[in-house]
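Each of the next two complexes has chain A plus one more chain, namely chain B in the first and chain C in the second.
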Partner chain A sequence: MIKFLPLVVRNVARNKIRSLFTCLSIAVSLFLVVMLYSFLTVQDEMTVASRVYNRLIVMNVQGLAGNVPIAYVDRIRKLDGVRSATSFSWFGGKYRDEKIVFGQFGVDPQSVADVYEDYVVPPDQLQAFQADRTGCVVGALLAKNKGWSIGDKVPLKGDIYPVNLELTVRGIYDGSSSIDREMLWFHFDYLDESLKAARSTMAGNAGIVVLRAKSAEAMNRLTEDIELAFASSDAPVKALTEKQFQAEFMSYMGDVRAFIRYTSIAIVIALLCVAANTMAMALRERTREIALFKAIGFSQANVLSLFLGEAVVIGALGGVVGCLGAKLLFATVDFSKMLPGLGWLYVPWSTALAGVALAASIGLVSGVVPAWRAAHLSVLEGLRKVV
Partner chain B sequence: MSEHADAVVALLNVSKEFMRDKIRIPVLSNTTLHIPRGDFVAVMGPSGSGKSTLLNLCAGLDRPTTGEVIVNGQNLGDLSEAGLSRWRSENLGFIFQSYNLMPVLTAQENVELPLLLTPLRRAERRKHAAAALAIVGLEDRADHYPRQLSGGQEQRVAIARALANDPVLLLADEPTGNLDAASAQDVLDLLVQLNDHYGTTIIMVTHDPKAARRAKRLLHLEKGDFVQADIDALEAAR
Partner chain C sequence: MVPLKYNLRSLRARKVGSLMTVLGVGMVVWASIFAFGLYAGLEHTLTVSVNPLDVIVLRQGSTAETASAVSESAARDILALPGIATDAEGRPLAAPELVAIGYLPRRDADGNTNVTVRGVVPASAALRDGLTIVEGRNFTPGVREAIVSRALSERFKGLKLGESFKVQDAMFQVVGYFQAHGAAAESEIWTDQRVLGQVTNRTGSVSAVQLRAASADDRQRLIQRITADEQIGLKAITEKEYFAEQAEQSQFLRIIGQIIAFFLTIGAMFAVANTMYGAVASRAREIGTLRALGFGRASVLASFLFESLVLCLLGAIVGCLGALALGDIRTGTMGGAFTEVVFAFNFGPRVLLSGALLAIAMGLLGGLAPAVRAVRMRVVNALREV
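Now for the complex of A and B:
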């Protein structure tokens, strides 16, 4: 069949405008699908990558809206098998006039670097952060996006909380692409004291507690121990792995995974129709040629291969442009300004290549009916158009 | 030895009927025909007389209602559709009135087309195609696309394509129908040359008595039967 390839390629290039637009429609759609799936894949990869750090998230059984008293942090630290633990309190303040809020968390400056060992803060910057009650550490992508450097002031206007924070950048953390590099960490105590000064009833809430277990084996037992330890308190909690927490967090936005899947399926079905229509048009225009092929000895299988080959080449070309284009684009362009909060997003090779395979499959499936009709075209009917 | 044992084409009591809106239309009726190896037969007759049907039956593109079609010793009725495709690729050359060259392929690549179905390697295919183009006198146009050739040259490329797999039988359906007089003459000269020099058996359907004159033999079809015809009278009638 490989000897038919030059013929297939020539036929694809025959109607350049039509092939170009078909390829482009596949490319643009697959770009979108690959981006959506990368959102899921990268989150999964981040979770998998973080598994080695044996982190557990402790949150109120009622969910993120429920309180976790700050006193729990110390109690959790003392449990057997816990290496370190920090509060992780979402502030959600507005930075200047920006409408989209980035992740700002009140943490324990002494523990956070150990809990998040994969989030690398230079030692001198970590010390400076620990020493400054109004200091903060920001992710490298966030710093780049906002144009911040060490010593810059970051005013945050409280939205959920009735207080404002005046922070100073004391450190910038970085790490692999599998970590979230768009967060801001500040001293929990600074927030808590500000709330107390404002006589707010919201003081004393750790939000969630993130702990690092001494070993993976200890995690199951710790989950049970923690839940048991606070079961009869005013604020019972549950302990989740990062994967479970991510799933729970996503569920607040509805079933994002299902939404992405159904959207992708709709895109694929629409593409199938477009590509099948293109192939059907090609078939109608080339009835004479198909008759000729069959008259000079091409079998049904040969004709089927030729048409399916064309459909696959068009699909794969669209896939290469769309999926590898997405890969290249996310690798070279900084989207943190255009997609605030999604600066961590990139297109993994596995997703890009799966996208190309999907595009080729779309081509294949879209070509089945036209190719079958071409293969079963009556030679005499076709030849009547010939002679 | 029987007559049909020597024949490249043997039609034995062949009848062919078509159904049009539940009406049975007989095209060939109990026809027997033997075409010996090396013959050059012109088939003439009015429209609907069964010329194209005869050609289609010889090519295995259609099956007779009754009777047998034997080409080069092969009873075509014994072959499946896939078997017929393979048989055509190995035994048959086809020349059409409208050339039917692939516009996206060069002359050389068009000639190579039937060779894609053979086990020949690319270099061998190119060699065969070049030889076929040389026979039709177009070796210097090998890299030209059909749009860069005249009608006569296109038909010569189509003849080269028909020759590429060294067929035992060449079927030509109005090969000069779309050509001017000079180009038609060139194409007929070429067919005569192929028949004389290479002994290629040719069946040519034509409406043109001048073209028919170049054949060794004339078969005239009238309502599905072969009848005696005077070519001078046919020419005068035109």
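Now for the complex of A and C:
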């Protein structure tokens, strides 16, 4: 097999334009597939990466739109096995004229840094945030996109809530690419006091409570304890792991995941046609040559592997260019400005390499029929044929 | 001009190659139409049968009804304003409505999702053009009964005729299906406003007031009057603007569709170019003969571009038929109000046409370089080729 490799490479390079175009066709299409799939895999990766922090999310049994009284935060903190807990109240205000709302959450400034230990805030900035009732901490990506630095004012116009917030950036958190670096945290009390001043009935709602358990073992027990503790209250709650919460959120998104899969399948079928066509053209051109190969003693298996090898090389080349290209592009260029809310998107190695493997398989499958026909070519017929 | 029949027969002579290209282009067109159809469907739902005279009154600053509140006294004042259209019996076409969020289990998948539950008054149905009960009956005022669209009943448990579902702690029974031409109302559960108010502990205020102005001038006057009153802190916008804002929240669906179409079209262009290069290479003698017969360069160029175009248009037909064969697929996603919007993919003329335009772009751009090569051949050499 290996000794045929130079022959395979030469065959690939023979009709340079055709091989190049086939590779490019595969590369461009797989670039897209890898990007779409990264959307799915990164979300999964984020939840897997956060598992070590033993966080639970407590929400109303009626879902995210339900109410969780702020008093629950203290009651949850006192439960056995809870290390720290914070409210996490979605504000959803408008920043300037922007249509797309970024994540703004009313938190407990004393606990939030411990609950989200992987979201790193420099200690002096954290202190400044805790000291300023109208202060906020923003994610590094968000700060970059909006051009904020420490001390900048961030006015947020209430949409869900009938109050506006005048915030000042006191800290910027950062961390690995598997955390959400596009959030804004502010003092829950600031929102709540504003609501009380406006005599709004919406005051006192923690939204959800995020807690950090002391250990992984404590989590299972806590889930039950929390649900039991509030079962007969006005606002019964359920406790979810971050993974369950993610699934809950995906359910809100509807069928997006399925659509990404359908689209990818269509692209793969299209590429199979494209690659098969290329190999069929190669076969047609080389009919005489193959007959000659066979005449001088190449076995059917030899010819078969020659053709299959060529198809795989072309597919894999396209895959390497497209998938690694996507990886490289996302690693070097910052798309968070162009794709608001998708700043977390990057191409994981696993997805990029799976893309390359997919491309090689597309090559392999597309080569099967032409290769089989080449292997079973009648020597006499082939030699007689004038192209 | 080279006869078009020449190209069609050439395509037929290379059956497998042509077929593969057509299929490849077809899948690409299909995938693009699928992506376009998603956003177009959502947009259609939010814009269909919106009456230009309709106005919605919300709390100042809120963009969705779910986050809005209008006190009952303010709502009463609005209903008494001059310039509101009236129905046959002379009652104003204005409805104070209460919107709550239900949390219902999906029928075909795991998990629960937010669904809009709308507490309505008799005028509400008249404000939605074309809303009719198609099966069962309307809910009885004062009773925990509800009507839903058939589309919604298929997506959530407890929403089939005769079944019951829960809003907070109260059980409601579904007594009828309504239909509203695929409009946004079909993503909602409708029940009596007062009953919903009691169940959700929201008495004394409603979420929004829907009303129809008697004329375009009245509409402007009403909007100005309501928005100008700073005491009540409300804003009035046309229903059209309201839904445009909702659609804005799902802009990313449109952007993703365009990104998909862009990359796939480029990918397909290379594939078409390959096929056409193959066609030109294997027909060198024919091209030489054509030229020798007196067909000019322009004719040969046009001929090959035409051939490439035919390939891609056949692909477009495959893609469009493939999309149409999917039929009426219904889906849903989270809308601007944080509740599920149910809609059907829209494979209307505009969407199919954009698919066809992509195919034309593939055909022309992909076929150009090979066609130029055909033209550049020297007649003498071409005739000498085997």
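Definition applied: the second predicted complex is superposed on the first by the 382 of 387 C-alpha atoms of A that agree within 3 Å, B and C clash if a C-alpha of one lies under 4 Å from a C-alpha of the other, contacts with A are read in each partner's own complex, and residues count from 1 in each chain.
To be clear about the criterion, a contact is a pair of C-beta atoms (placed from the backbone, for glycine too) under 8 Å apart; a residue touches a chain by one contact, two chains touch by 3 or more.
In this text the structure is predicted, and so the values were computed from the model without any measurement.
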Checklist entry - Touching A:A301, do we find chain B (first), chain C (second), both, or neither? => result first
Checklist entry - Of the two partner chains, chain B (first) and chain C (second), which one does A:Q62 touch, if any: first, second, both, or neither? => result second
Checklist entry - Should A:T278 be classified as contacting the first partner (chain B), the second (chain C), both, or neither? => result second
Item to check | Touched chain A residues, chain B compared with chain C | outcome: C
Checklist entry - When the two structures are overlaid on chain A, which partner does A:K3 contact: first (chain B), second (chain C), both, or neither? => result first
Checklist entry - What is the contact status of A:R14 with respect to chain B (first) and chain C (second): first, second, both, or neither? => result first
Next on the checklist: Output check: A:L380 vs chain B and chain C. Expected answer is one of first, second, both, neither. What do you get?
Outcome noted: first
Checklist entry - Once the shared chain is lined up, is A:A203 touching chain B (first), chain C (second), both, or neither of them? => result neither
Checklist entry - Touching A:L292 in the superposition: chain B (first), chain C (second), both, neither? => result first
Checklist outcome for this item: The intersection of the chain A residues contacting chain B with those contacting chain C is 386-387
Checklist outcome for this item: Given the complex, residues on chain C that touch chain A span 16-17, 20-21, 23-28, 30-31, 34-35, 38, 59-64, 66-67, 69, 101, 103, 106, 109-114, 168, 233, 248-249, 251-252, 255, 259-260, 263-264, 266-268, 270-271, 273-275, 277-278, 282, 331-334, 338-340, 386
Checklist entry - Quick one: in the complex, what on chain A touches chain C? => result 17-18, 21-22, 24-29, 31-32, 35-36, 61-66, 92, 99-100, 157-162, 164, 247-248, 250-256, 259, 262-263, 266-267, 269-271, 273-274, 276-278, 280-281, 284, 339-342, 386-387
Item to check | Interfacial residue positions of chain A with respect to chain B in the complex | outcome: 3-4, 6-7, 10-11, 13-14, 288-289, 292-302, 379-380, 383, 386-387
Checklist entry - Across the complex, what residues on chain B touch chain A? => result 52, 56, 59, 61-62, 81-82, 85-90, 92, 94, 96-98, 100, 102-105, 109, 113-114, 116-117, 122, 161, 165, 173-174
